[in-house]
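By letter and in written order, the chains are A, B, C and D; residue numbering begins at 1 in each of them.
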Amino acid sequence: MEWLKQSIMYSRGVAGGRSGTTHELTEAKQGKYHFTMGPYSDPVLTVQPGDRVVVETRDAFGGAVKTEQDLPSKVLRMPFVNPQNGPIMIEGAEPGDAIAVHIVSMKPRGPNPRGTCALIPFFGGLSNTAMTATLNEPLPELVRKIDVDEQGVYWSKRVTLPYRPHIGTLSTSPEIDSINSLTPDNHGGNMDLPDMGPGSITYLPVRTDGARLFIGDAHACQGDGEICGTAVEYSSVTTIHIDLIKGWQLDWPRLENERVIMTIGSTRPLEDATRIAYAELVKWMEKEYGFDRWDAYMMLSQCGKVRLGNVVDPKYTVGAAIEKRYLAP
Amino acid sequence: MEWLKQSIMYSRGVAGGRSGTTHELTEAKQGKYHFTMGPYSDPVLTVQPGDRVVVETRDAFGGAVKTEQDLPSKVLRMPFVNPQNGPIMIEGAEPGDAIAVHIVSMKPRGPNPRGTCALIPFFGGLSNTAMTATLNEPLPELVRKIDVDEQGVYWSKRVTLPYRPHIGTLSTSPEIDSINSLTPDNHGGNMDLPDMGPGSITYLPVRTDGARLFIGDAHACQGDGEICGTAVEYSSVTTIHIDLIKGWQLDWPRLENERVIMTIGSTRPLEDATRIAYAELVKWMEKEYGFDRWDAYMMLSQCGKVRLGNVVDPKYTVGAAIEKRYLAP
Amino acid sequence: MEWLKQSIMYSRGVAGGRSGTTHELTEAKQGKYHFTMGPYSDPVLTVQPGDRVVVETRDAFGGAVKTEQDLPSKVLRMPFVNPQNGPIMIEGAEPGDAIAVHIVSMKPRGPNPRGTCALIPFFGGLSNTAMTATLNEPLPELVRKIDVDEQGVYWSKRVTLPYRPHIGTLSTSPEIDSINSLTPDNHGGNMDLPDMGPGSITYLPVRTDGARLFIGDAHACQGDGEICGTAVEYSSVTTIHIDLIKGWQLDWPRLENERVIMTIGSTRPLEDATRIAYAELVKWMEKEYGFDRWDAYMMLSQCGKVRLGNVVDPKYTVGAAIEKRYLAP
Amino acid sequence: MEWLKQSIMYSRGVAGGRSGTTHELTEAKQGKYHFTMGPYSDPVLTVQPGDRVVVETRDAFGGAVKTEQDLPSKVLRMPFVNPQNGPIMIEGAEPGDAIAVHIVSMKPRGPNPRGTCALIPFFGGLSNTAMTATLNEPLPELVRKIDVDEQGVYWSKRVTLPYRPHIGTLSTSPEIDSINSLTPDNHGGNMDLPDMGPGSITYLPVRTDGARLFIGDAHACQGDGEICGTAVEYSSVTTIHIDLIKGWQLDWPRLENERVIMTIGSTRPLEDATRIAYAELVKWMEKEYGFDRWDAYMMLSQCGKVRLGNVVDPKYTVGAAIEKRYLAP
């Protein structure tokens, strides 16, 4: 892809677009998957900037929901959901740097790959939850198993959805916290942004030596907000290309693709997540693209694009984007 | 446009797609513009279902911001902003019905048309406000005047934005309240949805006899969320085609274009606006498109699209949409 | 009560604590009760500053819930709930002034007075609602009729609650909006503050000539937040003493009693209502009690008191208070 | 105190009100203070149910703000604020149990004890913050040093506040997360509830073997909401009496004092924290005090009390309480 040559990753990364070793992070190599992202777990792999990793991700249910009769409340125990591969150490990464994660490809894993979508009691955007703690009875608990291939997501007899894979959870480690894999925050985490698929580069802040990259939670497709609480969750083979950008201090994750740059905020209420994302974008345009702060703010009011990642996790995620064509000097 | 023939407006409207009389709602005919939408104002026009109205809208500042030196805090007095044309009475409209407003075209009005964007003290998504009442000093007050034509919005030497006109404020009357034109709610109002432009049909609930349609607040373009608080506000000649759908009781506004159907929610916090929009969409799919409720909910989690209208008004607006191709039986 | 002589009402009011004429605003005199507060209704009474009014208020259900079998969804039609007495015109009141409403006494009205508490479908703090629009089934609909006298509220065989009467809804008119009586905002309205009982003085902003005072929604008692959506709603005879403070421009309502001064904010989300209330209190201490702004802010962090009025209405209400003893020069 | 004999701690605790060994957790014994609460730190002390611990807590600034010239942005580095004593292991505590922490006494520590209150940039309830991320300039950064003794908090020449000590941060360990000490959640944490002082008993859920109790963040006094972001932060000698209640599974912390029982919720937005607290209280009344669920809900709407703990931390805290006299059978 031609645009990659102009990407921030290729322009400013230590590896400068070169590809180094390709590592295999298989189920066997991973061994124990992780349910928190933090500084307290043992590295599973160390890579150089420019290396690629082929990751065997598990689905968000850890594979425990095998049939439509396997109700989450029966086969899962909280908080052991959304298993993560990693931590992957990036050589040379130090606090104050950023790492770049280019998602090269995502493929369904295994024979007859199927995705899973579930309604889980007290979870989801149109349900009462542990936090929106009303006294209503929960919604019904339901599981859907969906055939998935690289052509489509075969939702029902009536509807086939396009295969639009992306990574739901991607993060470095916080400096001292260890955060469960259900929660997004300024280290990344469970952002559930449909933009985070093949052809995207995500930039994450480094807050501990080696960065400690975690990845998991592949989705075959997902609507804005992941409104019922789950996407088409599936196990994937995801290939990523990693680089390191020295001295690029990020307060929140960022994303780039051929068309846009995007900033990402995660908190509650949702207007605050939106404020974070847009404020980050204004400051980025000011600092690195030569805009006056107030001109950037007013211009985004005319051409900014918002993606609702999730409105169901313990924190909600919003991406704010501007098309690259408007950034030309 | 071919798709119109299959639209809800053409299929279910009293006029069935036929065009009746075309009325001119000029500045002179309008006389006094309105700053609340409610049942207490005198009709300016009565139309039949199927009629068209060519409306001369004023910009959100009522034309008072003529130069970049005309600061809003000097030339405006709250709450007299966002002047509305109307109320237009639709013959035969009764509580429990819906009206359809097809925006046929929007043109900049007057010679050398210019739009206005302003930073207004204590207003905007990245500012403290009367409600997010922090003790910070306000952001600077700034005005931008922008040349606008049907080809583009000439933002700066560096950036030309596409002309993407839409109506910011469209509403019927609440049953008993009279609501200022800055606020969106379940009667419509200041929703600031970029989708509400030429080629769209908005459906609004009828809550008083004659519906009492108000329209104003044309934008030459606007980003998602209208983050600085104002779009490229301009005075327009907007042509609408109106119809009446008997017995279609709507709790919240809806929108249709060639590609999607959309439900619209407005409240705070933003997650509640999102909940309203998506819950309305689930119920609509269940009631009129033959989906099981939980199937609709889970499927929207895979293919629903969210538009952030505004995150700056007294209530925030979210649209939730699904592509029509997924609604086929 | 001795403290009244030092109250703002007595010190700064036009009548200076003197009592003028006592008016009777009986059911018969009121005639039609009102369901919006705004400038579009006909005055029912005109008073001089210093006059008293003995008001016969109706309960929030307009008396329609007579037995525990009268379910609100059967006997009420929205938005015709929470009937208001008024508008009462105060002679000489002009925009920029404030009116003072001292609640002198509140008595249950009628023989065998009973209050009513109800669980109303899709209403209440621990229920999904029209705004927190989840897909859960509603909570059960229930009515409780409770004997009330000036000694107690006879909730159940097990529990007798103290009689702590207060006015749930008190307001002047907005400048141009007409707002339903369920909603509180900066003109007052349905604030549901337990502090607004006998011995309190509420100060409301005047935004239209004559102020247009509305009053209703008496509660025999109420917990913080009115969590189920209703208090012990009853019909009352409420005696108020009214005064006018010229040139005291209020952005939000304020309250005073023997012990504290309080500012009142109403919006969503609840943190914004809290911000409004505390920011108003900081500014008040700065402007009228000789505090440095930042000293006031930091000191309230040590001694400010918060009352949650309601967390169930279309906007939530918070009062922030400081004890008068800390205001001494 | 007589009421303690009827307390849950004394009635249901393993030690049944008996006092065992008294441990000293001095600065020296503590050694390294902690900035996260989680399962990854080394125990500093192991106690039996019934034991007492005399804890030397550090102030929230770790003692680094010694004068009014020591600006937090200069002398602190985030996230190393709010140092915690612990973890204290309670013998026999297993997941599914609760621990009881009775605060016996709190005294200012050291000669000439002084407290500290600070305005910290981008922190506080009336400030823009990292989450309410507006583009406003920060509020001024200010430090106040305040003399404190057991009679009073000597705020200024004008104002002396009562000494009302309490513990701002108290928690057990989450099951797998390790959460920074600024954040409250369902394991306790930085709740900043003024009720959590001498004479109170806090009940915390046990989620890891030994419970892993953390304690710190003493306040000499604090207003509702801790609105400027800090209380009168001071170093204390705090004596606690600990017990263990087997098989009492708590989803959220609870508190008891002579007068009330209270449930505690922490999240954003603030209405959700309120929902958690009240929903927990309804369920508690239903499960352990013989109330019908809907009777409890409706009755709390008449007599529930709300305490706003903090509206400034990464999550906000609300306590909902009912007087014990209404719980009598």
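Definition applied: contacts are C-beta pairs under 8 Å (C-beta built on N, C-alpha and C of every residue); 3 or more make two chains touch, one makes a residue touch a chain.
The shown structure was predicted, so the numbers you read here are calculated from the model rather than taken from an experiment.
Colleague: So using the touch definition from the top, which pair is joined by more C-beta contacts, A-D or A-C?
Modeller: Answer to which pair has more contacts is A-D.
Colleague: Of all the other chains, whose mean CA position lies farthest from chain A?
Modeller: Chain C.
Colleague: Round to the nearest whole Å and give the separation of the Cα centres of chain A and chain B.
Modeller: 33
Colleague: What whole-Å value do you get for the distance between chain A and chain D if each is reduced to the mean of its CA atoms?
Modeller: Here chain A and chain D have centroids separated by 34 Å.
Colleague: CA centre of chain A versus CA centre of chain C: separation in Å?
Modeller: 48
Colleague: Find every residue in chain C that makes contact with two or more other chains and list them.
Modeller: 126, 132-135, 139, 268-269, 275, 279, 282, 297
Colleague: Help me check something: in the complex, which residues belonging to chain D touch chain A?
Modeller: So the residues of chain D in touch with chain A come to 35-36, 38, 40, 79, 130-135, 175-180, 251, 265, 267-269, 272, 275-276, 279-280, 282, 293, 297.
Colleague: Within the complex, which stretch of chain D touches chain B?
Modeller: Result: residues 126-128, 132-139, 269 of chain D touch chain B.
Colleague: Using the touch definition up top, name the residues of chain C that touch chain D in the complex.
Modeller: Against chain D, the touching part of chain C is residues 117, 119, 124-126, 139-140, 142, 144, 153, 155-156, 158-159, 161, 221-232, 268-271, 274-275, 278-279, 282, 294-295, 297-306, 308, 311, 316, 326, 328-329.
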